[in-house]
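Multiple structures are listed underneath, in structure tokens.
Presented sequentially are two complexes of chain A, the first with chain B as partner and the second with chain C.
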Partner chain A sequence: MIAYIVRRLILALLTIWAISVVTFVIIQLPPGDFVDAYIVQLSASGSVVRFEEAQALRQLYGLDQPVWVQYGKWIIRVVQGDFGASMEWNRPVTEVIGDRLWMTIVISFAAIIITWGIALPIGIYSAVRQYSFADYIFTFVGFVGIAVPNFLLALIIMYFGFKLFDLNIGGLFSSDYQLAPWSWGKVWDLMKHLPLPAVILALAGTAQLIRIMRANLLDELRRPYVTTARARGLVEWRAVMKYPVRAALNPFASTIGYLLPFVVSGSIVISLVLSLPTVGPLLLRALLAQDMFLAGTIVLLLGILTVIGTFISDLILMWIDPRIRAGMHE
Partner chain B sequence: MNLGTVTLGRSMLARLLLGTALVFGIASAPETLAQSSLSQSGLVGQPEGITIITDPAQWPKTFNEAPQLAELVKQGKLPPVKDRLPEDLMVIKPVREIGKYGGTWRRGFTGPGDDENGNRLNASDRPLLVDHTGAKPNPSLAKAWKMSDDGKTFTLFLRKGLKWSDGAPMTANDFVFWFEDIYSNKDILPQGIPDMTPQGKPGRIVKVDDYTVNFVFDVPFYLFEDLMAGDTLIGGGQAVRQSNKRSHGAYAPAHYLKQFLPKYAGGVEAANAAAKAEGFDTWLTRFHAKKDWTLNPALPVLGPWRTVQPINNAIWVMERNPFYWVVDPAGNQLPYLDRVTMTLAENLEVLNLRAMAGEYDLQERHIDIGKLPVILENQTRGKYKVHLDLALNGTDAIYHFNQSFEADPEIAKWLRNADFRRALSLAVDRKQLNETFWLGVATPGSTAPGEALPYFPGPGWREKWSTFDQKKANEMLDAIGLAKKDAQGFRVRTDNGQRLRLQVQAVQAFLPWPKISEMVADQWAKVGIQADVRDTERNLAFTRTQNNEHHIMVWNNGGTELLYLFPRHAIPVDPTEAFMGPEHAKWFNSGGTQGKKPDDPNIMKIFELYQSAAGQKSDDRVKTAQEIWKILIDQQYAIGTVGQSPALMGVRLVSERLGNVPSRNCIAQHCRTPGGAHPETWYYKN
Partner chain C sequence: MVEPILSVRDLVTYFRPEEGVVRAVDGASFDLHAGRTLGIVGESGCGKSVTARSILRIVERPGRVEGGEILLRRADGRVVDLAKLDDKSQEMRNIRGGAIGYIFQEPMSSLSAFHTVGNQIIEAIRLHRKLTAKEARERAIELLQLVGIPQPQQRVDSYSFELSGGLRQRVMIALALAAEPGILIADEPTTALDVTTQAQILELIRRLQAERHLAVILITHDMGVIAEMADSVAVMYLGKIVESGPVDAIFHAPRHPYTQALLRSIPSVLAAPRSRLATIAGSIPHPYARPPGCPYYPRCHSFMAGVCDKSTPPVNRIDAAHEVRCFLYGAATETAA
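Right, the complex of A and B next:
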């Protein structure tokens, strides 16, 4: 057991290291370097940087050194928590991301809770009452949900929200509260704005989860142990929930790994459409502007969170699935 | 992503403007319909502007101030309003009535690169500012000015008692400080600017007394008066010229900025150490951050509002400058509005939707003309009124052919071929563009400035090489050696027989240039020219053009209507946004030491004419400008499409509550739309 966790931990560290290398390559990918961008910024004011000055700047930033030396310096800075400054925002990268991180987490958590809250009960119901009228309805809605791109859904809901209900367009606060310090009024204002983005974010995932849950549970329900349980007179509720549902939850647990990065970045397209102050649009913007310290940090962060998330889902799998635990002892 | 982008034909707009009945009545004359419906719609107002009362006898003798400031005075944190105002007052009579204090002006902005959104609101922080017609300079920071008869000395008379937003006096010393310690500091500005260097001879700033500054030149420089009144490096003022790592603008707060310069801070080592301690890499990066009013709330400024929450936040907040030096005739210290809040919109669609929802109080920047029907539809709900302000520039989508492009010799060869450019211009169906993207209200034609302006080169130059003639375009392309086509009908390169592919770099900024360019590319495809439209982020696009990497760049030529004041989108003389040839602009700007000399004699001729204009008196300058326009249009270095429209900052949504807003804005670079209309005089009626 301990050996398993240690092994996974070492693997996780190795993966994070590999991600840092890839991230660094991403930073270096666009033509030109930071100094080129800086020179452009200066010449935008009508002044021209001389070659000697440019070289001096490259020395200052260590850009004239071999790539592996640059990598070493960068990773040492990153390990110390110094991610550099965003070129576009003129602020430390950590501040720029930090500003938006909490909002992103709030929205994403709300979305996940809604997703699970809707998808699990419906999935279970659909499987247990297979081919019932309600199952057909849920199946139909589910397929539509999978087929409709959620940014389109966002646009449609936003349009009708504006047209019919005079809802605030995009953003998480109404203009009265945007500047106000945190208060109950502001929290309430946030609560009023939260459902729309959270529901839109949740819907696409919901349809998919319903299908997965239904299919998994159907597989389990046909197993002999379910028949046995029923034959022994176990209450239907217990016969379904105690074992088959637990087994069907396996795929959920193994996808928790992808939830963590989602929590942090949110959905880029939806956030963009709804103008949510989350990390997603920031990443897109940074990539477009070649604001590479910012983009690199976000990519690295997402990578690390994926690794951590996977590690956590391994642990959860171990906990809910005795077969995995048993497998470790063999 | 395109919610609300409605591309409607002319008749649809007319119906919205006039009501259905009228449309049926004159449906047989669709050409005149759009124009007449535009003028009858009540959306296009009459030019009107504030009045500056220069006679001291009519000035108010007692003064009022905003309640918050009165409170601070009571607490002893601020001197009384009388002591904050200069002896040489600036008294502005608003467009309509005396206003009331209070309220927040809500606007939308698109991010830290959109500093101009706020810079423009502080347009009065320049020595001179043009009036509402865009033609006549008014006093601003300077109460008066004078050009000597020989054209070699220009004098600014500053306001006695003028104060920075921290209460420190603003004097001639601030001009001298800028000249000696910023402009002449090679670390900050390695190079002089044409505005201060007529015929390559550097000029000087000389203090006569505390309130009199001379700009002294070795050669006649009559143009300097125009430069000082325009949106130029020398006359631009602090807000725009010293934000975003810029360092021009003729003056700077010496008492505050000195501490960040090595000269006054114990040398480079000490200044760098101090910068590092604050998290900056060098003293220079720190200096750039400290003199930027959008980033540094502590920076003393002279405009009506100062930043309290920097631009690199989700909301950029400005508050009134307690030492603002302008009063209304009743003695109320301006501005009336307490605050300006700019909320970050992640994309332009959201910004436009918020405007329609009435979430902004006055917004003209980033408003999409394509949404005009929806904007009109929502007027009552959003509690705003729509104004259409017509621009003076020739074209809202100008296709600059990079004359200094080098990376691909074959492409470069064609970009530099006049007949190639003319043929592509003839292949553009401007009517289709006008109807699709400008709702038919714009004027198709060349890049020339509006016919009403003195600089317009004359009859025939709107149409020259700028009509739709596919047949002639094909003939011309065949004749210059591009007759060979591939299987799909596209013309091929002369060096390797592959398809000739032009890249059009388009930014989604004020207009949907990527979409407009897709249509232009389709039109070019009909004469066998493949153009790939590259939808590029604004900063990245500028980086690429600075690095001479683009083939064709689409932008607008707003500002070129006053050729000498803002030439960069007409001729490559300014390395900033030199889409027509960044290397040539560097060459011209550096006096031949950097960049690349143009081989094209016509460009050299333009340079020569442009340089000679500075020493010419007004009448000759106008003739020279017409000459330059004739060469530009005949050579088609840039293709004009449609212009003189409300497309750029001309669709204005004004809250019903806002008073003193003119019914027509001057839409031009040097009018600093909307700042030229003196937003400090606007107020909330209720």
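Right, the complex of A and C next:
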């Protein structure tokens, strides 16, 4: 078992390295570089950049060197914890990202927990009472939920929240705490602001998850071990919850790994609409501005988080699925 | 005669999906006595398993027990009609496992892969007996020992996929006997096993039956298993019991053309080499296109036009224990009466 975990860890490190290469390549792919984008930006506001000036900027950022040298310089500094400076913000990348990464993780986890809390019970109910009236209702609502763009839902909720309850849903903090240093008051303020954006984010994945849970469980409900459980005199709900639901939940453990990037990349538009201080909008802006170090750092961090998430879900699967544990001894 | 422990009368179990009606069990009757084995035999889809599941009231929707009586004699002497009980009631749950144990065909998929075999046996014990977790565990180990599983102290913590097919089926038997029921229903218990293991499992069932005076319903399509195990036999075809009687009568003087055909189709070591195996003409009709009259007439070699396809044959009595549902023996009833 230890050997298995060590092997997983080594593979995880190799994967992270591969992600860093791919990240770097992706950043290099669009034509032009940051300086080009910078020049366009400046000329849009009326100022003109001379050719020598542009070259000096390129030299400053190392953009005139071969790609692999640029990658080498970048990755060596990354390993030392220096992610470089954001060209657009003129500040270290770590400072620009700052709390946003943690905000993203907090809000993502809140959204995931809410998604599961809503979707799994409904999915179970829909499967156990297949073709019942409520199943049809949930199916209908589920498909509408899949079809409606989430930012639209966010806008509608914001509108009614403001109109009916005089709530300002945007952001994660009230204006008093926006720039204030961390304190218990600020944490409490966050807790008050967190539920609504988290629910809106959560609804995005809920409909889909209901369908998956329903399908998984319908498969399992037909298995003979459920009949066996009934035949020994188990109460129906217990026979369902202990055996088929347990089996139907298993695949969800393996999805933990990519939930985080899914929520981050899938929620950029919602985050913009709700003006949430997460990394999603920041990544979008960095990509538009060809702010290489910032975009690269965000993509790399998301990649690393995915690898860590996958590693954790492997450990969880190992813990909950005896068949995987048994397979490791062979 | 001794009162039967279980008496099934005119059992009717229909499946009603949206497309039509499947008459899975259509008026089956039989008696089961303590210490005896009743073999129910028939082709796939004839309603054997549904009959067994109807007794425990675990037929899956859209199936439902729609008529007849399932009279179970409880340990205290009371007679309960299981067909009238609510299938979710406490009493029905007490009977499942508590009075009637059930062994399923596929020992692999009939056990949960996420729980140890001990976990499932202990659950079955504690559902019916007031034992502490520790006592139940000891009881589970005893049960595993009883069904002939080596190293039961270690095996109790195994998962089903860590056991061989034969051991798994032994676990299923331990599970069925966990609460010491008086009746054991074995639904094709050896179909998924190789021949050697089959013989061992049948031997085990026979030993346990003798030790505990169990009444056994053995469901199979294998006439060889019936000959070896059963005291009496019920032959099922399309939801009806077409012939029933003592095992000797069924094998040596079969009356119903279907029983006769089934017996002819058993491979024999005495048969001439390279001769073809006898088969039954045609195949089981589609469940929605059930023939009128006797369900077997389209495949029957003694088919009487205008009789068999017009009305359902009555149950004709050959002797006290031997009954056949066929027009060929109508006269016998009349002379007897």
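Methods note: the second predicted complex is superposed on the first by the 267 of 330 C-alpha atoms of A that agree within 3 Å, B and C clash if a C-alpha of one lies under 4 Å from a C-alpha of the other, contacts with A are read in each partner's own complex, and residues count from 1 in each chain.
One rule holds in what follows: a residue touches a chain if its C-beta (ideal position, glycine included) is under 8 Å from a C-beta of that chain, and two chains touch if they have at least 3 such contacts.
Here the structure is a predicted model, which means the values were calculated and not measured.
Of the two partner chains placed by the overlay, only chain B lies in contact with A:272; chain C stays clear of it. By the document's definition of touching, of the two partners only chain B reaches A:92; chain C does not.
Shared-chain residue A:243: touches chain C; no touch with chain B. Of the two partners chain B and chain C, more chain A residues are in touch with B.
Once chain A of one complex is fitted onto chain A of the other, the partner contacts of A:155 are limited to chain B, with no touch recorded for chain C. Note: no residue of chain A belongs to the chain B contact set and to the chain C contact set alike, using the contact criterion stated above. Note for the complex: chain A touches chain C at residues 223-225, 227-236, 242-243, 246-247, 250, 320-323, 326. Residues 1, 3, 106, 111-113, 188-191, 193, 233, 244-248, 279, 281-282, 289, 295, 309, 312-315, 317, 341, 343-347, 349-350, 353-354, 357, 359, 381, 537, 539-540, 542-543, 546-547, 574-577, 586, 589-590, 594 of chain B are the ones touching chain A in the complex. On chain C, the positions that touch chain A within their shared complex are 53, 56, 58, 60, 88, 93-98, 102, 104-106, 109-116, 123-124, 127-128, 159, 161-162, 172, 175-176, 178-179. Chain A makes touch with chain B in their complex at residues 32, 36-37, 40-50, 53, 60-61, 85, 88-92, 96, 99, 151, 155, 158-159, 162, 166, 168-171, 175, 178-179, 271-277, 281, 285, 288-290.
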